[in-house]
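Next come the structures, one after another.
You will see subunit A twice below: alongside subunit B first, and alongside subunit C after that.
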Partner chain A sequence: QLDRGCALPTAARAGLSSVSSQDVPAEKPRAIFHTSESDPAKHTEQHEGRLYNIPLEEVKAVFPHGLPHRFQQQIQTFNEARVMVRKPALEILAYLKGSNFAHPAVRYVIYGERGTGKTMTLCHVVHYCSRQGWLVLHVPDAHLWVKNCKELFQSSYNKDRLDQPLQASVWLKNFKTSNERFLEEIKTQKKYIWGKRESTEEGRPLREVVEQGLARVRSASDAVGVVLRELKQQSHRGSFRLLVAVDGVNALWGRTTLSKEDKSPVSPEELTLVHNLRKMLMNDWNGGAIVTTLSQTGSLFKPSSAYTPQQLLGKEGFDALDPFVPIPVPNYSPREFESCYGYYLERKWLQHEKAHTEDGKAELQFLSGSNPRQLDRLAGPL
Partner chain B sequence: ASGLGRRLRAWLPRIVPVRWSRYNPSYLEPEVKKESHQKPLEELTLEEREQMELKAVRPIKAAPPSLSSSVFSDPMISKFTNMMMKSGNKVLARSLMSQTLEAIKRKQLEKYHKAPENEKETIECNPYVIFHQALKNCQPIIGLSNITKGGKTYQVPVPLTDNRKRFLAMKWLITECRENKHRRTLMPEKLSQELLLAFNNEGPVIKRKHVLHKMAEANRAYAHFRWW
Partner chain C sequence: TLKLICTTTAVQRKNVGASGPEKYTEAFIKKQIEEFNLGKRHLANMMGEDPETFTQEDIDRAIAYLFPSGLFDRQARPLMKHPTEVFPEQRKIQWGEDGRPFHFLFYTGKQSYYSLMHETYEKFLNVQKHQDQLIAQDLPLQKEKRNLAGSRWLTKIELEEMLLEKVSDDDYSRFIQLLQKLVALPCADIEEKYIQKFSKEVPLQLQKVVIEPLQHDERGVAFSTGEGKRKTARATAVVYDNGTGKITVNGIDMLHYFPVLQDREQLLFPFQFLDRIGKHDMVCTVSGGGRSAQAGAIRLASAKALRSFVTEKEVEFMRQAGLLTVDPRVKERKKPGQEGPRRKFTWKKR
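Showing the complex of A and B:
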């Protein structure tokens, strides 16, 4: 096996192109940390530590929301979207490939310290599933639903709950962009009455429910609830596979910073969006999978050193998500660090002349502690 | 007192303290660069060997927090960061500086990737090179000083030291960004724009430098009022 641990650009480019010739095209030897395999289904252990390219049109179609902000800036600067293939993602893909969809949906919880790549792992899985033709229900950050909400209305469906029209309509818009063709095929199974004069008949395509939610922003949260309910009921039929991808799932069982008009605090179950999403995350449906990520960065009232599922979910959340498959995401291994460093050099992101030297590289590795986010932040001004 | 002065003069430090230093003159400056410590014994010249023996017996001053052994540290950037700092908030000033450098890099890289092949070499993407060149372009050659003679104050053209030139360039850049821009734009954005304009010898700071030069040229007649 080739030793990618000491990947130096000059020596490796000549020597290693022969070994991985099926990956690297002959006319322009891209460095060994790239792979031309852009279908996540074909990613194996051999591609670990390498970066694969997602075409920009696919990025716009698959990820209308969900990519971290710094990564979106990087896509714009480099004019390409390169995602690193890492072990946790390969693990989840292997489980998804071998899972039996007649059994109830398995829940995967990706956890790890701050900035180790949990959201990017989730995006890798989402890309794989959308390439395989699954219906992807991607909630980019559940924390956005429990904080900084300007408009909270009492829900017309249930007097105790509160609606969030803005967040719901934003999510519906992005959901529509990513799953256009499924919205035509799936039909409603019940009649839904939105108001005095508006209703959706049985058997109409789901697209009408989504458009109703977008047109009448007041009933957007109820539209989201309807969409989730329909998808859950129809997933066992087998006509489509459902992936529920939620980032920052610990927001659903924590506390909120919102308050009602009489200044009393709102608990998460009183929000319609959170209530419906919690029902979706229960494993009483089959024909798909649930992949979630814990996140301390946007979380409320949690210490910054907390990263394990027990600490972030709390007792209530852990019991609700139990049993789940925990997937830890570590910092970069030496090979992955080399790969990332080489990529930044190649795209001319590291412009400082000392950054090209061994001393500079050792300093970057030490200062960042091989943490992907710290490396990105350090390499920014350099 | 004169003996103390002679001893003080013999020990001339690299970095001259701005205020009076409370250290005993026997204290030596700390050596931070890794390369100077890793040189084997044979390569050292006689003076360097004497210096090493002196360091074995003399006490060393405490290293100031702004002195770093990192290969990426730059004294000009640190000076600029200190001038941008308000009420001792170095963390904020440093993060603004790094965001500025990143913003410059992003703008230049985007221009680089969109440019045709023959123009790619002309586009400078290194934010440090741009920063240094912009500062150099903003430095005035000659300054004006107020001299009172016979009850009237005249603006007399006067040569400037290197430190004063650098200080004026940095001060003009920062005041330009703080005062003459829209209230809602963030400092990194404003600064990166100003630095790129100064790099190309355009922009309000270069104009201010030219205005100063013209005033000095206009007041040439009073140049003999200067006595230093």
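Showing the complex of A and C:
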């Protein structure tokens, strides 16, 4: 366990304060890795390679379910959330800033090899959008919806499709936490009937739909569908911006491990959640953007060396997502590697004596191949 | 002409030294030689070569071609050599028809050994006499030291082969001491020829491994190649200078080809030892073996390639660190009657 109140003067790590960290000369070399800009809107190429802090309350509000597991553990250990500003994220932010919201939503696909930081890039973009006041529709991992589902019910809305109440309710809960104020403002435009006795009138806040889904777990998937449809219809009115952030989007067009009661395999279209999400990803609405990530880690039936959009999405997915803006995420550049290493050193995560030397740094760089995930795993036992 | 009875006892008493239980008479050996020559000509005919100029090497090649054998032991394979090489030398019978031995030292038991000692001592006395003569004439003694560093005395086994009789350890050491005394005398060059019969040249271990110089490719970057192997894996590595520490194996990045940390550590070792982690690029090809064997093979290949970039002292350090030695461990053979190389079958009491 790290002791927070250690000898490091807190002036070195500028969290929210805008005090420049040049006060103590001895801290100069370490402070380069951090930047005091905690607003992603102001991140430019100058900040590239540096880590910025997200206050913990914001983390809980914005990312109830988005961050990678290891990063959450790191937040717990270090008691702060530091995200590195990298080029792909800056690229997307630049596009978002300059995009015209009257046009149909542009789709961005973040792809890269395993462990290069695609999910973290997505979270960076999500943080920016939530700071800017957008409505964020964050699906943490679409793979969770196509595998390991214990309960499948036949949808009441459409006989062919299958419901997944558990996943839907979990997602609704997180959606509520992240977008509290929007749920009040947005009103439904149609009347929805959930069952014999429940129905939602026109003009009621969306929050009621969400609560309905949470209360009646059976109809949670339909609630999700309703939410998505409402948001899509209303986003181009211009009252709010909508960001659809999906991680592991290749799950929507692959195969599933689920099977019906008669042991026949289920294709993704037959799942309500997937069907609705696919409609969301079409670019027939405007007033927002769609940012997606490909992920090989959770993908089913795909070789582990596949990482390009074509390989992971398959023909169907590629055609559905075409046209899109591909954003490759590479391994750490030397500068980024140095800042990550410096951060670990500063937080006293690397305890081994040799890790503090130049040779140790070179060794870490060689062994991890500048891959963020490998570096993280390597630095763990040290 | 003594009666047969006496000759038989004499025959039984003879000792056949340094030869097998069978006896080869001279006539037998002669017949073998004739047969060998005939066979040689037939073989030459069969192979379509000229019978007159058919050497022993040609014979060996022909036999290896006509009788291919997969046996590991070279001496177990089919062989066709001159009978003098095949049949070991044997002592001819040492006495005549009347039972009287030829040699005067026959009854000592070790006739050739004692005759040899006798001869050597004679030479020794000769040299001493010569020395006294030179001193008497006040001539300077020649002091040319024989080069003892590159030569060695005959071993006991070689001496036995030369004398065709057993030599005990004591006798052998006495003989060597006498030779050394002889050589120590200043005027021993007179008997140089005699001494040379008992000494052998030792090939000096000057097999210094030649370190190849650096080659340069089109862009002007220096590079060098190395080969390595481990178990069944064979690897070739090309190490380029002025690099960033990128490594490509069979066209795939090292991080993808070796997902296991242990293999990557093996690759890292030569560079880390020489403190050149981020300075070289490497492109290697590897085949055979498993994951660990391939990593070990590439490590050896890269260490060999790095020799060209590095001073001799560091090469010596690398050698002592074991980076340049081929790992001799291979899979041990399974033996019959056992389940594996060492594991025996489960022992059941009944």
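As a working rule, the second predicted complex is superposed on the first by the 352 of 382 C-alpha atoms of A that agree within 3 Å, B and C clash if a C-alpha of one lies under 4 Å from a C-alpha of the other, contacts with A are read in each partner's own complex, and residues count from 1 in each chain.
Convention: a contact is a pair of C-beta atoms (placed from the backbone, for glycine too) under 8 Å apart; a residue touches a chain by one contact, two chains touch by 3 or more.
Predicted model only: the values in this text are computed from it and were never measured.
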Is A:Gln73 in contact with subunit B, with subunit C, with both, or with neither (first, second, both, neither)?
-> first
Touching A:Asp359, do we find subunit B (first), subunit C (second), both, or neither?
-> both
Who wins on subunit A residues touched, subunit B or subunit C?
-> B
Between subunit B (first) and subunit C (second), which does A:Gly369 come into contact with in this model arrangement: first, second, both, or neither?
-> second
With the two complexes superposed on chain A, say which partner A:Ser305 touches: subunit B (first), subunit C (second), both, or neither.
-> second
Where does A:Ala215 make contact in the superposed view: on subunit B (first), on subunit C (second), on both, or on neither?
-> neither
Subunit A contact set shared between subunit B and subunit C covers 359, 363
Subunit C residues touching subunit A - in the complex, by the definition given at the top = 245, 253-256, 261, 264-265, 268, 271-272, 275, 277-278
Within their complex, state which residues of subunit A touch subunit B.
-> 73, 76-79, 348-349, 351-355, 357, 359-360, 363, 380-382
Hey, which residues of subunit A end up touching subunit C in the complex?
-> 113, 305, 359, 362-363, 365-369, 371, 374, 378
In the complex with subunit A, residue positions of subunit B that touch it = 34, 70-72, 97-99, 101-102, 105-106, 109-110, 112-113, 125-128
